[in-house]
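The following pair of complexes shares a single chain, chain A, combined with chain B in the former and chain C in the latter.
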Partner chain A sequence: MTLLRAENLYRTFPAAGGFARRKRVRAVTDISLTMYENETLGLVGESGSGKSTLGRLLIGLDQPDSGTVYYRGQDLSQLKGQDKKRVRTEMQIVFQDPWASLNPRKRIYDILSAPLLYHNYATKADVGTKVAALLEKVGLSPESSERYPHEFSGGQRQRIGIARALSLNPAVIVCDEPVSALDVSIQAQILNLLQELQDEYNLTLLFISHGLASIKYLSDRIAVMYLGRIVEIAGAEKLFSSTYHPYTRALIMSSPVPDPYRRQEPEALLSGEIPSNIDPPSGCHFHPRCPLAEDSCRREIPQLTPVPDDLTHLVACPIALAGGGL
Partner chain B sequence: MTENSYLRTIWKRFKRHRLAMVSLVFLSLVIIIALLAPLIAPYHPDRISGDFGAPPGNGHLLGTDDVGRDVLSRLIYATRISLLVGVLSTVISTVIGVVLGLVSGFFGKFIDAIIMRFTDMVMSFPYLLLVLVAAAIFGPSLLNIIIILGFVNWPGVARLVRGNVLSLRERAFVQGALVAGMPKPYILFSEILPNTMAPVLIHSSSVMAFSILDEAALSFLGMGVQTPTASLGNMLGAATSQAVLTDLPWLWIPPGIVIVLLVMSVNFIGDAIRDAFDPTN
Partner chain C sequence: MMATGHNEPVLSVRDLAISFKTEQGERILLRDASFEVKRGEVLGIVGESGSGKSITALSLMGLLPVSGRVSHGEAWFEGQDLFTLSPRQLDRIRGKRIAMIFQDALTSLNPVFTIGNQIVEGIRAHQDISKAQATQQAAQLLSRVGMADPDNVLGQYAHMLSGGMRQRAMIAMALASEPALIIADEATSSLDVTIQAQIMHLLRELSLERDMSVLLITHDIGLIAQMADKVIVMYAGEIVENTDVFTLFEAPGHPYTRALLETVPSIEDDKDRELQAIPGVVPEDYDAISGCRFAGRCAYVEPKCRESRQIMLPLDKCRQVRCIRAQNNELEFVHSTQCEASKIALARRKQEAKAKLSERLRT
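Then we have the complex of A and B:
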C-alpha cells in the first residue's frame, strides 16, 4: 500500500550573499518517490545532497517550489482545517542534533504532555500516566519526566526525541540522521529501539543517513541521492548485490570494512569534492567525478529507469544500465 | 524544583562577581531609601528649611541650596524620581521591543520588513534631539519623560529579540513543535519567548542605565522633571551657574556622585547577569 507519494518535487533556497541577482541553491530537483506502508526507506547522500530537505518536504515541514506530495492519496498542500491537523500529527520527525531538539527551558513532562493535551490524546487526569508510558517505551524511567533536557546524555535525549515523535500515534517518522551525533556505542541501541518501535506500531520510516553502513541493516529499500536528485533506488539487498550507478558503487566502496586484509580498490574511490548545488554541472550532475562519463553525460540529464530484471530497481545512468550491474 | 536549581546555579555564578555583588547591595540600599523617602528624609524636599546656600553641617547634612532647601532631602527624593524614570521607561521600551521583535521575527516577510524599516528609522534619528523635541511638544513632566524615553529606547530590544527569534525558529525544538501541530501562539509564547528572555533582561539593564542618564540630561537641559520637584538632573542643572559651580559645590557633587554610582552599579549587575546566564562560563 502506498502511503506517501512525491511527484516531481523541486525546492531551492536563496544562496547566502549576493544582492541584485541572488542565486539559488537547488536542494531538491525533480524528485519522485513512493513510500509504502510499514517499510523503512533509507535515504543516503553526502552532506548537501538535499536528503534532509527531501525528508522535510515529505512530511510537510517545508513546502516545495513545485511538485506535489500525496499522503494516502491526498495532496498535502490542499489539506485544510481538521484534516490538516490530523495529517500533521501522523507525520513526525526525529532530529539529528539531540542537543537542539528539546527546549532547554522545559521539563520532559512539559515537552511530552503539551502535544498530547492539545490534540486531545490525553486528558489532564491521565496525561501523567501517558507520559510515563511513553518514557518507558523508549527505555527511560518515568521519573525522568521531572528533569530538564540538560540533565540527560545525547543518547537519552534522542530517546526523548523519539518519545515525542511517537506520542501522537504517527504513521510516518522521518529519522534525520538520528544517530550521527551519538557515540558509536549508543548508535546501535537507538537503531534497535527504532526497529522495535517500527514493528510494534507498524511505522513507516524514512531513514536519512550520510553513510550506507548504518542503514544497510535497517532499510527495506534504499534511495541514493546526489546533488538533489535520486540516482539509484533499490531493495536494500539488491543495492549491494547488483549495484548499477557509479556513485552508489563509490559509496559502497568507501564505507569502511572491518577486515584488515581487504584493501579498497583505489579506482573506485571518488576524486574531488561534491560540486556546488548553486551551479550544478550540466547534464548528469555526477559526470565530473564519474569514471564512466562520456560526452553525452555532459548534455543529457539521465532519468530513473528500471534495470532489465527488476522493475523496482531504478537507476539514473544509461551507461551503467547498458553495461549491466555489478 | 529543578527550575529552582537552575536559578540557583545562575545565582551562584552571579555571586562570583565581586563588583556586581557590591553594586547589588548598593542598588538595594538606594531602592529602600527611595521607597522609604518620606520616612528617611529629614526635611520636606521642596520647602525652605534653612539659610540660603548654607554649607554642610548645622542640622543639614549636605547643606542647603540657593533658596534654602535641604540638599540631602532633595537628593533622596531625586533618586526616587530617577529610579522611577529608569524602571518605568525600561519596562515600556522592553515591552514594545519584545512584542515588535517577536512579531517581526516570527511572521517574517512583509510584516518583518515594515517593522524593521520603522525600527531603523527610529534608530537613525538623532536621539537626544528627538527626545528634546518630544519633550518640547508634549510638555516637560515626569509622566511625559517616562513615556518619551520608553518610546525611543525600544529599537535595540526589538532587534535583539528579532534576531533571537529568527535563529530559534530554525532550531529543532521549535520545528518539533510545528511538526506536533502546536498552534502558533503556543510556539511563540511557550517555546520561543522563554528562550529569548535572558538576553532581553541583560539588554534591559543597559537600557535602564541609559534611561537614568537620559532623564538626568533632559532635566539638566530644563526639558525634564520641572522644579520644584527634585531630580538628579535638575539638581545638577544648578551647576550651570558659575557661582554655584565654584562657591556651592555641595549642590552638585552629591547628585553627580549618585548618578555615577547608580549607572555604574546597574551596568555591573547587567554584566554579571550576562556572565551568569552564559553556560560556557
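Then we have the complex of A and C:
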C-alpha cells in the first residue's frame, strides 16, 4: 500500500552571500518517489546531494518550490486545521545530532511529555506512566526522565530522540543520519533498536545515510541521490547484486571493505571532485566524473527507467541500461 | 626484497602517559602506551572517541592543549626523544620531519596566503633553492596529489577550493618538506566516500613511493583494513591490542577487538546478518577503574579481570593484548594464528601495490 507519494519535487535555496547572491542552490530537482507502508526506504548520497532536504519535504517540514507530496492520497500542502495537526503527528523525524536536537534546559520528562499533552495523547494523570513506557521501549530506565540531556551519552540521547519521535504513534519516521554522530560500538545498538521498533509498530522509515553499509543493513529498498536527483532505486539486495548506474557502482567500490585481502584499486575509484549544486553540470549531472559518459550525456537529462527484468528497479542512465547491470 | 633500514623504527614510543588537569584534579587520560612505526609502514590507530588516539598524536607534535602534559614516557624519532626537545628544536621537526594532516583542512591552511605561497615556504624551509624553482616543485606536488590544474591552484586561497581539493592541498603542503612520518588524524572523516577513497589511495601510493611512514588515526575499521600494515587498538585510554592488519581481522586476540569487528556493518554482509552490538557505553571515569577497563562490557569477563590492572603481553609473535584471559589461553576465539601467513600476506600485498604503482607511474 502506498503511504507517501512525491511527484516532481523541486526545492532550491538562496546561495550564501558574495558574488553568488542571486544564485540558488538546487537541493532537490524533479524527484518523484513512492513510499510503501511498513517499508524502510534507504536514501544514500554524498553530502550536499539533497538527501536531508528530500526527507524534510516528504514529511512536510519544508515546502517544495513546486511539486506535490501525497500522504495517504491527500495533498500535504492542502491540509488545514485538525487534519493538518493529525497528519503532523503521524510524521516524525530523528535528527543526526543528538546534542543539538534536545533542549538542554528541559528534563527528559518535559521533552517527552510536551507532545503527549499538546496532542491529547495523555492526560496530566497518566502522562508519567506513558513517558516511563516510552523510555523503556528505547532501552532507558524510567528514572532517566528526571535528568537533563547533558547527563546522557550520545547513544542514549539518540534513544531519547527516538522515544520523542515514537510518542505520537507515528506512521512514518524520517531518520536523518541517526547514527553517524555516534561511536561505532553504539551505532549497532541504535540500528538494532530502529529495526525492532519498526517490526513492533509497523513503521514506515526513511533512513538517510551517507554510508552504504548501514543503509543496506536496515533498508528494504534503496534510492541513490547525486546532486539533487535520484539516479537509481532498487531493492536493497538488488542494488548491490545488479548495480546499473555508474555512480552507484563508484559508491559501492569506494566504501572501504573491512577485509585486508580485498584492496580497492585505483581503476575502480572515481576521479574528479563533486561539482557544486549551484551550477550543476549540464545534461546528466554525473557526466564529468563518469567513466561511461558519451556526448549525449552532456545534453540530455536522463530519466529514471525500469531495467529490463525488474520494473521496481529504476535507473537514470541510458548507457548503463543498454549495457546491462553488473 | 626489502631494502636495508626497513626494520628500523622511524618512531618509537615507550611507556607514554598523558594527564590532563580537570575540575576534579589531574586525570590520567592515556597510560602505558608503547608502539613503534617502521620505515615505509602504515600504522593504524583505531578506537572510539575519547579512547586516547588523538592525544597520542598531539603529544608527539608537542601540541597538547595547555591543560594536558606528557607525564611519563619517551618518543624516539631520528635519534632524539621528542619529549625532551626545546620548543625551538621541536619546531625543526614539526611540520618538517613529521607532518600532520587533520580532519579540517580549512583551519590548517592559512586563509591569507595562497596555496602556492604556503607550499613554496615548506619547500624552501629544507631546500636551498630559488623561489622560481620552488614554485615549479610546488606545481609538481599539486599535480602529484591529483590537482587537475596545478598552476591555477598555486594562486588560489584555501576558501576557493572544495573539501577534497583542500585536503589534497594540505597533503601537498605536508609533503613539501619531505617528512619521514605523516600523521593523519581522521583526515578524511568529513569527506564523501568517493573522495575519501581517492585521498586514501593517494596517501598509500605516496608512502610507497617515498618510503614514508604514516600514522593513520581513524575510527573506521574499513579504512584500517584498506590502509594499515600494523594496527593498535585503543580503548579507554589504553592500547588493548597491537598486531598486524591480517591477524587483526582473522584472529583478534582481545575481546574488545573481536566485538568491534562484529559491530561494524559491511556492504558485503548478507541482509539478514544480525549486528552484534557491544552493550553499555565507554566508562567516562576510566582512570578510576582498578581492573580491566572493558570488563563492564565484555562477554568473557570473570571476577579476576576486575581484580588487578591488565598489562600488555604477547600472545605469540604477532599479537600483544591487554587481557589476562587471552594471555592465560582461556578464550576459545583466540585460536592460535599463523603469524607467518600474515607476514607473507602483508609482504605480498605491499609487493603488489608497488608493482601497480610503478606500472601506473610509467603510463
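Going forward, the second predicted complex is superposed on the first by the 321 of 326 C-alpha atoms of A that agree within 3 Å, B and C clash if a C-alpha of one lies under 4 Å from a C-alpha of the other, contacts with A are read in each partner's own complex, and residues count from 1 in each chain.
Definition applied: a residue touches a chain if its C-beta (ideal position, glycine included) is under 8 Å from a C-beta of that chain, and two chains touch if they have at least 3 such contacts.
Note that the structure is a prediction, hence the values are computed from the model and not measured.
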(message) Under the superposition described at the top, does placing chain B and chain C together on chain A give a clash or a fit?
(response) fit
(message) Per the contact definition in the header, classify A:L41: touching chain B only (first), chain C only (second), both, or neither.
(response) neither
(message) Here's one for you: vertex at chain A, rays to chain B and chain C, all C-alpha centres; what's the angle to the nearest 10 degrees?
(response) 80
(request) State whether A:I160 touches chain B only (first), chain C only (second), both chains, or neither. (result) neither
(message) For A:I186 in the superposed arrangement: first (chain B), second (chain C), both or neither?
(response) second
(message) I want to verify the contact counts: of chain B and chain C, which reaches more residues of chain A?
(response) C
(request) Could you say whether A:P104 touches chain B, chain C, both of them, or neither, answering first, second, both or neither? (result) first
(message) Output check: A:I252 vs chain B and chain C. Expected answer is one of first, second, both, neither. What do you get?
(response) second
(request) With the two complexes superposed on chain A, say which partner A:L206 touches: chain B (first), chain C (second), both, or neither. (result) neither
(message) How many Å separate the nearest C-alpha atoms of chain B and chain C in the overlaid structures?
(response) 11
(request) Name, in rising order, each residue of chain B that touches chain A in their complex. (result) 1-3, 6, 171-173, 175-183, 186, 190-191, 194-195
(message) Applying the document's contact rule, which stretches of chain A touch chain C when the two form their complex?
(response) 46-47, 153, 155-156, 183-189, 191-192, 210-214, 216-217, 236-237, 240, 250-261, 263-266, 269-274, 276
(message) Can you tell me which positions in chain C touch chain A when the two form their complex?
(response) 48-49, 146, 148, 162, 164-165, 192-198, 200-201, 219-226, 245-246, 248-249, 259-261, 263-269, 271, 273-279, 281-282, 345, 349, 353, 356, 360
(request) Could you please specify the touching residues of chain A with respect to chain B in the complex? (result) 59, 61, 85, 88-89, 91-93, 95-97, 100-105, 107, 114-115, 118-119, 146-148, 151, 161, 164-165, 167-168
